[in-house]
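Below, chain A partners chain B and then partners chain C, in two separate complexes.
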Partner chain A sequence: MTWDSKLIKKAEEIIKLYPQKRSALGPLLYLAQNKEGYIDDDSVVEISNLLGITEVQVRSVASFYTMYKQEPTGKYLLSVCKSISCEINNSKEVIGGIKEFTGLSSNETDPEKTFTFEEVECIGACGGAPAVQVNYETIEGVTPEKALDLCKYLKEEEPKVIVADDLQEKFGGIKSFEWAIEDNSGTSTTAPGFQIIGTAEEN
Partner chain B sequence: MSEEIKFTVNGTELEAKSGELLIEACENSGIHIPRFCWHKRLEPVGMCRMCLVEVETPRGKALVPSCTTEITEDLVVDTESEVVKKAQEGILEFLLINHPLDCPVCDKAGECPLQDQTMAYGPGESRFVEEKRHFEKPIPISEIILLDRERCILCARCTRFSDEISGDPLIEFIQRGNKTEVNTFPNEPFRSYFSGNTVQICPVGALTSTSYRFKARPWDLKSISSTCNCCSVGCSIELNTSQNKMLRILGEDNEFTNQGWLSDKGRYNFDYLHSENRVLNILEKNDDSFNEISTSEAIKKITSKVKELKNPNIKFLIGSHSTNEEYFVINQISNHLNKDKFLSKEKSNVYFCDDLLSRGYFEEKYTQATFEDLDKSETIVLWSEDIKDNLPVLYLRIKKAVRNGAKLIVFGHTNTAIAGLADFYFGKDVVSNNFDLMLNPAELKDFKNNVEGKRVTAIVGKAAVSQKKESLDKLVDYLNEISELKLFNSFSKGNTFGALQNIHEIKGLNEFSTEFDNEEKNIVFTIGVNPVNSSYFGKAIKENLIAADYVISLDLFINDTTELADLILPTTSLGEKEGTITNMEMRVMKQNKILPAPGSTLSEWEYLIGILNAMGINIEYKNEIEINADLVRDYSDKESLPTFDNLNKPSNLYGVINTKPINITTKDLKKQDFPLLMVRRLYGDSSTQINSPSISMLGSERFIELNSSTAEKYGISSKVGNFIQGSNSISIKIDINNLLPDDLVIAPINRRGFENIDPSKDFEITEARNREELSVN
Partner chain C sequence: MKETLLLTKHMRENPENSHLIEVYEKNNGYSAAKKALKENNPGEIIEEIKTSNIRGRGGAGFPTGVKWGFLAEDEERYLVINADESEPGTFKDRILLERDPHQLIEGVIITCFASNISKAFIYVRGEYAKPARRVQDAVEQAYEKGYLGKNIFDSGKDLEVVVHLGAGAYICGEETALLNSLEGRRGEPRLKPPYFPAVKGLYNKPTLVNNVETISSVPWIINNSGKDYANLGVEGSTGTRIFSLSGHVNTPGNFEIEMGCSFGEFIDTFGKGIRENKSVKAYIPGGASAPWFTGEQLDIKMTIDDVADAGSMLGSGAVVVMDEDTNLVLAAKSIVSFFAHESCGQCTPCREGTTWLEMILDRIASGRGRASDIDLLLDVCDNISPGLTWPPKMTTICPLGPSAVSPITSLMHSFREEVESLLPRKVLINNE
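== the complex of A and B ==
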């Protein structure tokens, strides 16, 4: 048992939300990601037992979706969009700057485990291109300079909880639209912060 | 019933059933559409796009995959247009981008759909100059299956098979896009009883079996259709040989029985044919060693022994791997040799080696089932020995029926492996540890509701040697009364039903050991059996054989039974003899010969007729055809007699159902309350398996199963330990199975070490915390 009873209980609550157990696979993988920073084999075993499917079926899904990480991630996962809208709004330089600051190429993690950097396809923030995500919290209208400030801030201040609104204010530019009511919740791991599955954290 | 509708292909109007898939409808009308991923026994997925065809739509012609498109009225299809051809070329070009084209060293070459279809539909030239994917090759994904990932074209046939058909999805696609590969989870190998089917249906050489890899080229193979006799399902198979060696067995798609699939036991249990341990000459025991003698000498020895002993009892212990023709001759010799002694039911002298043989339900009031009935039934009721281990392909048929909506009701405690499929599992509250039915079936509401007035197929037989038949009677008679019942007598061993059909009176092993009288003169023939190693009665039989005046074994190997013989007559085996066998539906099917009899082996009947003739009894058969012509006479349906001629007709290729009267005499054991339930596993230590190197390791693990509270009682928390009874101590793996009732422990009867265990006696289980504490054996 690598998952403690609290986590198992959480998993069981999630499973109850679905008519079929195996439908809970996605959220449970986020629990694993939240716990370990990636989908480790022990969690796969745990999930397969919880859902009554085989380990390799779990691994199949976990390795298909890029948001489930197969290698340990750093504290901050920097995902920079390289798709078309961001590209024509200068994402190249944003990417270049971050690469230089962190010394990482796409899908790499630094030895200190501070940053994992990745170039990603459209993250649905085209209206505010170029866009960057830190642990899946989105910041829009990021200039190359602001991107560097963001990296410095993360490295030096090491904020525990990452909250989109907060970073948007500090490092963002134009926004595509006001997305929702302001909220203070974010994430403190490289799993996206979802209230319903318990990966969200209040600042 | 689905209606017939019209559609047009390449300008010709055709008919199909509505709802049928385009690719299948075309196939049925003789129009072949190339494909990789579509397989008629698997759900369509549309993975490969090789089957693209043009259909007319309101918005003009469009390319659609014919394997996921259902026929509709007046559909107009073009399977050969320029556009289709271009699509096919394109798809093949894409598929070949990452395919290594290592056909010269690939086992599939020569029978490879990718190779063949590239020839037929491909672009003919490659424009790909970039580096291809590389993988470590091959990786073993189980003890018997290898995977060359770079050859895989991602058709998902193997993964769908393991999920939909066999229900053990231990292989899956891992990663995505260009990196996608088939693989297992670390330390969770593809251990499936059915894994070999994936090798057969893989459209490239990505999956290979250790037993066939690099052994032959398909164009060098000779092949012949036959019938498997590993269990009484009677799967249709194709035997492949080269230079007089059996190299491979494939499943044939027999709509009525196996539908293309085989268990790995049936598929890979053949290397023994060419084992150096096989007995190829007649052996006579001299003190402790065996001498070779000739056939005529051997027959002389037997006849003079019979004379010398003056009217001895001559008994036959028979196994399940003989053909109907051989059983027919066994019946004749047994009758003739005991003319004055054993011609009544009580005095039969033929004993069939299956601990679970019972009188069964063959009377006219019971309707015998066929596998097709499973698909048509609303409810399937199962109470018998472990189906998955003993009738593996029947397990697949049940799984299929359940997937298509049949309800499954399982009675404990042997079929826990199938319980996951069951709608209702009746365990310890309903079935006692002695396998008594503790309630009146009518009191089981869920049971009653699902069988009353319903089409029911029941699979029934003794689940344990100690089970009283009466408990089954209760269930069967209730079902017969309130449902439309068809039933299978689930005798699982090879050609059991052929023996029942062709031997007038059959008894069980209980009868053999209780009737054996040391005071009398006894000659025992053992024919293709090793009860000393694999039966509850083994110990008693061993003593009987030691006490007997003369023992003659007709067999393939020296084993625990035949080593007690005075004379071993080496016999032929699968592929070396021709004959018919009968499966559990009473379907009589053909076994064919493709290999010469090795060494100086003869078929069982040849020895027996030789002996009869030497004793002055004039029965002459020159070959199996003549025996067959004789034995078919007593079949009840004269219209479709299972003669060789008849069975070789294309329309009867997959057998004819026909019956003969069946007489079995068995009594329940007196002893009850066995603390240990000994069950037969698919793999074990049979002479044929341990002499088949490619699968011999599969039967070596020793394990027991018990529930967690029983484990607690024994003070076991670790997963390994020792099983101890008297002076026997066996190191074991301990599996927790919480479907089992308290105080019942399951152990395999056919794993080494367990042949000396008496399930009616007490035993101990101790846990081992480290290697040193495990018994060495």
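== the complex of A and C ==
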């Protein structure tokens, strides 16, 4: 779908933050990811027009980075870490359990578009291994049993906004460090819950 | 043995609200920036940083003051904070971003004043959505107070800060790849020369690229002195450092200590030993790129130079401990898979080599190994990093490829028998 005037205005504000227009490419790709759940062809055209670069240039950057999805994602993107600290702390069983529950292999989305599952490399939660992210909100110290509970919860309750603190309390365990600061911000899409302009979404 | 709290003091003392500007200011926050901008000239600040002898905390350990001294003259110069923390085992910048974002911003203000920079970017890895939100909120608070924006602290200086989110590419931790990424390009490292972004960096303009922990140390150094900082730690590894401890220890976490104690002491004191009282089989002293040490090498001192002399690196300060029951072939495979996945694909030895290493390790681990596989592994490694020396020689633009060699040489050096035990004993030649 093409971008409405509100989204284009936002894109233009983002472009102004940078000395050169093209630097805004990453943030604009997130606008597309946020809107459609992936980088769709219409957004590629919009972005190429806004930045004055070719569609191929936009696609070549979008396809380089793993967080810009080239195909539609489900409502919840489940990313399970398999790097060294998680690997030696049994991330395999967490991965196995989620695969079985969702019936998905890595980088697949179910037909109902509830889950996209992916095995990912280090997400910086090594002290709280094994770690899982839902729409890039981190949950640490996830046991295979808790991982299944998490999947069931997401499927049955369908929370609108994903908040790390909330999921950590329900399904997490050992943490990399005390999070300490109470936080109810999060995200409602498969783009990370960060806005370069304006404040974060709250539960 | 105790922690020495410089960077993590404020967050420890005000756990619930250390991220708020009011709380940070109540605890002496932004006093270093005020002092620096009123009383010091830029040259004095750079001298203070040189005296502190702080070395970059991202992994390479380059002296920060020297780097600042390189910055070429130009009307347009930039500061880029490398918050693309992705080295497996490392989560120390995450705590600084999440729990003390104003300390970083204050460091940015002082750094920009010292180097006459009016535009800074904080490049946060994409998976750190929550830390990025915290930093963004803190940046907005600082703008409201007039600490960022036009004429900051009535100094006549302007400073704009933009928080930029990466998108899941480890390679963007390499500074020239990060700059390409920030320019809206694929995160591919640039050909050297030019060697230093301080000469040609973002948009080909002089650019300082510094790690989060490095710049977060600046306010303390200015509030005290470079000399005070240099008095902490040991020569060549001055000040404190936040180590991320993970793996099979009882209490993983981030611990801020003066460099100089042994790894064994560190693991026992802060990790409270190994789970189920097991022993250490091997440990990684400085992130996934670093060659491993064995359980017999726990007396090595945690300084940049001691670790280098012993054949590895302190790197990002990530200590990953593996107990006696760890399958080291699978551990090595996990690390090699990481680098295979994160290779940007520009250089053939890295792109193809890491993929081959991953496949060979996979077949060894699953019992399908061939007697010749050890030689094959080493041959592939030799094509990525000729001679298998430390520090590694490179056939690639950046050190990512050689990093994938580290776990293999570690295995072969200290745990060759474990690999051999998984291989068939006899080589069949001509079906004889």
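Operating definition for what follows: the second predicted complex is superposed on the first by the 194 of 203 C-alpha atoms of A that agree within 3 Å, B and C clash if a C-alpha of one lies under 4 Å from a C-alpha of the other, contacts with A are read in each partner's own complex, and residues count from 1 in each chain.
Rule of thumb we're sticking to: a contact is a pair of C-beta atoms (placed from the backbone, for glycine too) under 8 Å apart; a residue touches a chain by one contact, two chains touch by 3 or more.
Computed from a predicted structure; not experimentally measured.
J.: With both complexes superposed on chain A, which partner does A:59 reach: first (chain B), second (chain C), both or neither?
T.: In the superposition, A:59 touches chain B alone.
J.: Between chain B and chain C, whom does A:37 touch in the aligned arrangement: first, second, both, or neither?
T.: In the superposition, A:37 contacts neither chain B nor chain C.
J.: Counting touched residues of chain A, say whether chain B or chain C comes out ahead.
T.: Touching more of chain A: C.
J.: Going by the contact rule set out at the top, does A:164 touch chain B (first), chain C (second), both, or neither?
T.: So A:164 only meets chain C here.
J.: Go through the superposed model and pick first if A:97 touches only chain B, second if only chain C, both, or neither.
T.: In the superposition, A:97 touches no partner, neither chain B nor chain C.
J.: In the superposed arrangement, which partner chain does A:68 touch: chain B (first), chain C (second), both, or neither?
T.: second
J.: Which parts of chain A are touched by chain B and by chain C alike?
T.: Residues 53, 60, 64, 66 of chain A touch both chain B and chain C.
J.: In the complex formed with chain B, which residues of chain A make contact?
T.: Listed in rising order, the residues are 41, 44, 53-57, 59-60, 63-64, 66.
J.: Where on chain C is chain A touching in the complex?
T.: Going by the criterion above, the answer is residues 11, 15-19, 76, 85-91, 94-95, 98-99, 119, 124-130, 132-134, 136-137, 140, 162-170, 181-187, 203, 244-248, 252-254, 284, 288, 318, 320, 322, 326, 330-331, 334-335, 337-338, 341-342, 344.
J.: Where on chain A does chain C make contact in their complex?
T.: 17-20, 22-27, 29-30, 51, 53, 60-61, 64-68, 79, 82-85, 87-89, 120-129, 133, 136-138, 164, 174, 176-183, 185, 187, 192-196, 199-200
J.: Considering only the defined contacts, which chain B positions touch chain A in the complex?
T.: 168-176, 183-186, 188
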